[in-house]
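Next up: the structures, one after another.
After this come two complexes, each holding chain A, first together with chain B and then together with chain C.
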Partner chain A sequence: MSLARRARAKRHIAQVAAAVLGAFLVVWSLVPLYNMVRVALQEKEDVFSSNVIPATPSLHSFWTVFDTSYWLLAKFWMQMSNSFWIGVVVASLTLIIGTLTSFTIGRLRIRQGWMLTNAALMTYVIPMSFLAIPFYGIMGKYGMTDNPLAVIAVEVTFATPYAIFIFQQYGASIPYELDEAARIDGASPPQIFLLIYLPLMAPALVAIGTYALLLSWNEYLYAFLLLSTEGKLTVPVGLGKFLNSDEAPWNYLMAAAIVYAVPPMVIYYAFRRKMSTGLTMGGVKG
Partner chain B sequence: MAVTSTIENPVVARAQTRSVSWRKLTRSDRLWALAFATPYVLVFAAFVIYPICFGLWLGSDPATYRQLFADPVYPSALRNTLIYLTVAVNLKLFLALLLSGFFMRKGWWTKILLLIFILPWAVPAIPGYISIHWMLNSQWGLVNNAIWSLLQADGPPWLDNSALALGSVIYAHIWKWLPFWTIILMAGRMAIPLELYEAAKVDGASALDLFRHITVPMLASLYLVCTLLSSIWALGDFNAVRFISGGGPALSTHVLATLGIRNAFEIGNPPLGMATVLSALPLLIPLVILLMRQLKKGQVQL
Partner chain C sequence: MRRLSRRHTIAGLGAVVVASPMRIRSAKAAEPVTVWWTQGFYEAENKAVIDNLAAWERATGTKVNLTIMNGPDLITKLIAGMQVGDVPDLVHSVTGDRFLVPRAAWDDQLIDVSDVIDSQKAEFHPTSLISSRFYNSKLKKHAFYTVPIKCSTLMEQVWRPLIEEAGFSDADMPKTHDAYFDFFQTVQDKLRAKGKRVYGLGYSMAAKEADSGTLFHHFLVAYGGKDIVLPSGKLNTDDAAVQKAAIMALERLTSPYKKGYVPPGAINWGDVDNNNAFFAKQIVMTPNATISIAVAQMEKGDQYYKQIITQGIPLGNDGKPVPGILAVSPCLIPKGAKNIDAAKDLLKSFIRPDNLNQYLKETRGRFLPVMMSNIKSDPFWQDPADPHRPAAVDTGLIRPTISWWMNYNPAYSAVLSEQTWSQAEANITQKNMTPEQAAEEAVGRIKTIFERFKVV
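What follows is the complex of A and B.
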């Protein structure tokens, strides 16, 4: 009897502890995000006050972002479209180059495949920021500074290695007999690639396409170094510029930051299952 | 083509195509392979090999290193980098290890909690960091406002004190990346066969025994790979320091990645910036070698 009671008490304590930890995690995760919303809902003068909850919340800052009536926000929507298009191009090129390479290694099985794998691995372990200085110099030489193509080039370079790993692992689950059967029927490598390989790789393509799009949407350093004209910037660089302006329009900054953060969040939650299989598929060999 | 001549016997044909495709490629196959591999080879040559060579050339003058080591900011940046790597990465991964167990609990509210928990990871880095920067403002930030309204006392000057500012950078790093590593380690835990736990429970093992004798050894190599990979990424991390402390106060919280960019672009001395970055190679190379060795063992894949 007392043993059962002790077990029940123990379970009770465990439940209370889990609830406390859960509450702490909610606060931990949400405080910086709450701060974003809190500041965005304030008027410019109220930003410099000691409140925790906005005294008179208003959507004024969001309206300012939408009609770009504040000078630092003049090019905001152009920057959103820059971020979007750079992301789309990066994702497309990553998918094209990644699948072509993984098809060469995994399906055509050339003897030099290991060199491609090692090149990808080598790129993967070089921190992106370490190549920023020479990359900037090279782009200067080519007259490519202030050109979105330079940003696209570097983002594709750093997104492709992971794409190649995932495509190779995923491709290994597609039976090789399919290729052989197609070959017997007289299919050429490009036909096998387009008609057999790509359709069967669809889930991995979705995962890596999302990965590359988000990598590009979130990238700051290279866009900051390589782009300078106001109308060519991506959003994170535009947000960074706010910080250096003499006025501190924190409410507009936070409202713009929220508008910029919403699309990737929607993608994360919409593609959550596919993303996590994509991102952790390789995590463990089960 | 050997395939057409043996087409009468599908079994032979199949065996032969396999051996053909494994050993010898036909001429046209080889041309196709060349064409398919070309885009990546070009990208690799133009945007990885060329910048590496150019960077090594930029940072090849010994005099630059004398100038770098004489810079009073350099030792503190090196120390901060080491602190960032050891404290932020290891604390984050240890928490991720524990939380990955917590999130394996069954029940609807754990699932909802997990959705909230991954928010910092889903929000792009720059807005998150900018918000933390303003949240920690000593005069008008949310944290000190909350301290004031609860205790009627002034909170600490989070970003105006070197130690607190570095601590704030570490906090921001953990806040941003904890969800990602927790999910990776959850995937690792899911790969552990449940029978192991059940068998141990039958033998009367406690929860702590299960953790120590099953979870820890089964996750060890994944955990090590996570540590190495996370260290490499943290070594190149620019955004956290840039947006949380900006390297301040008085340049005391720079890390090598941000100091390199500062030397190259703000001071306008690209060779000095490159030397700063290259001086991190003695840290980077051992991490990479250990990672490669661990990956070669084949228990964990990227």
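What follows is the complex of A and C.
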């Protein structure tokens, strides 16, 4: 066999191997999602059947989620609205604190500003769950248990260090001369921040805003610990109640989980391009 | 303008002094009571407590802030709350008697509720009273730290259509322990021969939650290991009878699993999963801590009245009754609660026999009463037309029962929390240890745990 032919054969084998591996990974990734949909399309008596395709698929579970006619779903939409507004406030506060901090450190060049950035990142050394009890204690002392503001405060605390880091790295790519030119034209620091810095930071803002929103959207531990009243719970905590019933409502649980996954998916696909630009820039400039 | 005389002034001040505590007291009474309650398995259970507390709220004018959350979450949250001193006024935890109260009482984190118990002491089932006393290591004494409101023992739930399909009837089910459970292996063989993908036994075997521990300990008692902890609080695992019982229990629970008579997923089942597997007719029978499986199907008349069989635990291999281990679901008041007086008032009202009975009936009788007068005075509990409740009453309240061992020593609560015996089962099924080796390792661990808890 000639060298060229051998090389071609090798390339061919590598391509086939890559295709097989790719197919395996696709199946591996999609099977859980398929299972979610499969269970959601079944009646609760059929949930444990070994049918790969539901024998009599039905949208009944989704309808039950929409009209909240099942007792554990009675407050689903209220919980959805709680999750939503907590997520929006967390994202907004993270953006406000992150951009102001990164602007102050990066553009106003305060002394030893790098220490603040590094100190903020150090907070990730301790896993979020390890701080649950101390946070619970602090919120208890301030009388903020069972208050959504406590959850917001915690989630902003965890989202902000990463936001500051990314904003600072991204901001470094914006020429400092722009600030100087604006200053010569008489712009004050707040004007530079609002009229120059923020518009140029748009991709990073989208990326971090989405990140903070998703962090809050999927958060369970702190929402569970800090909130008690039924009307204040978020969807992840509300869905946790399903895991305690004899009525095996896995189909409703999966349908509710799919409905709950829709808003983040919409947000992700709406901002996908800008988000990846923002995250990549942060990484490259680091 | 009329001048105030000294007498008037003194009288006025006196009135203020007398009125002040009254004002404070009435202001206190108006403070809301925060209650955390374990979520029910079905809507009726939640509704029963909501209605009951609402009635008390109307009667007293004291607002109740009720939060209902699932069992394991409630315990986690309460432990976190007790760590930081932010606790509710009253808690009802279904599995708190095993996983929460013994060590909280040991650490002096609970309010002594003997006065609440005293208000109805003569009414309570004797085992439920034993189950409500715990040791406080700070005060070095036992006291009532919980108020029992409902109880349960292990029950067996069987699909009648499946045993009939295998060619058997109710009467064919043996009455003694080993023969009874072996019977379902035969049922599986027959159903498999007909091409039916089904398992004979729905044993919970996961090292989590409560069901697997309940099942293991029932087997332990059935084989003669009920004295694993003595009433003095002393660990008794060196006793040959206890050791033999532990080995037998491990062997008899794990052999069917290894032989394929228990679903492979059972080693990962949470408390609800044996119920789910039962509903899916994946298993012919399952031991369960209450009659919840049947009760959840009450609307489906055929299933409730004809298809699901509820049986008490089988007799021992010697033909004698095996005592049921009575699990008592308690109410408790954590130390640091802001409105203890109102919480105690609420509890005293809640456990009035008629009120408690009404509540339990509204929950559809998933749990048993802790008061014998409820059983005697209300035909609901022993209605011969009901195929489930009378069997549960017979096993849990009429036949002999024993309490869990953490009432003697809270160390056993840590044994349950660590899932020591379920880990031993996993060592046999997953790591191919022999039952003797697994029992020896478990006993070693239990001895270490007991060293931390010295009841004097």
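Structure notes:
Here, the second predicted complex is superposed on the first by the 262 of 286 C-alpha atoms of A that agree within 3 Å, B and C clash if a C-alpha of one lies under 4 Å from a C-alpha of the other, contacts with A are read in each partner's own complex, and residues count from 1 in each chain.
In this section, a contact is a pair of C-beta atoms (placed from the backbone, for glycine too) under 8 Å apart; a residue touches a chain by one contact, two chains touch by 3 or more.
What you are looking at is a predicted structure, and each value in this text was computed from that prediction instead of being measured.
After alignment on the shared chain A, the placement of chain B and chain C results in a clash.
Contacts of A:L225 after superposition on the shared chain: both chain B and chain C are touched.
In the superposition on chain A, A:P199 makes contact with neither chain B nor chain C.
Between chain B and chain C, more residues of chain A are touched by B. In the superposition on chain A, contact is made by A:W71 with chain C only, not with chain B. Judged by the touch definition given at the top, the superposed model places A:I97 against chain B, while chain C stays out of reach.
Of the two partner chains, chain B is the only one that A:P264 touches; chain C does not reach it. In the superposition on chain A, contact of A:K241 is made with chain C only, not with chain B. Once the two complexes are laid over each other on the shared chain, residue contacts for A:S188 go to chain B alone; chain C is not touched. Of the two partner chains, chain B is the only one touched by A:A119; chain C is not.
For chain C, the stretch among 7-15, 25-33, 61-69 or 205-213 that collides with chain B in the superposed model is 205-213. Shared contact residues of chain A, touching chain B in one structure and chain C in the other: 47-50, 132-133, 136-137, 225, 240, 243, 250. By the touch criterion given at the top, residues 36, 39, 41-43, 46, 65, 67-73, 77, 80-81, 83-86, 197, 270, 272, 275-277, 279-280, 282, 292-293, 295-296 of chain C touch chain A in their complex. Contact residues of chain B toward chain A in the complex are 3, 7, 13-14, 17-18, 21-22, 25, 28-30, 32-33, 36-37, 39-41, 43-44, 46-48, 50-52, 54-55, 58, 99, 102, 105, 109-110, 113, 115-128, 130-135, 139-140, 142, 145-146, 148-149, 175, 179-180, 183-184, 187-188, 190-191, 222, 232-233, 235-239, 243, 257, 260-261, 264-265, 270, 273-274, 277, 280, 284, 288, 291-292, 298-302. Listing the residues of chain A that touch chain B in their complex gives 18, 21-22, 25-26, 28-36, 38-39, 47-52, 96-98, 100-101, 103-104, 108-110, 116, 119-138, 153-154, 156-157, 160, 162, 164-165, 169, 176-177, 179-180, 183-184, 188-190, 193, 217-218, 220-221, 225, 236, 239-240, 243, 250, 253-254, 257-258, 260-261, 264-265, 268-269, 276, 279-280, 282-286. Of all the residues in chain A, the ones that touch chain C in their complex are 44-50, 71, 132-133, 136-137, 140-141, 145, 224-225, 228-230, 240-241, 243-248, 250.
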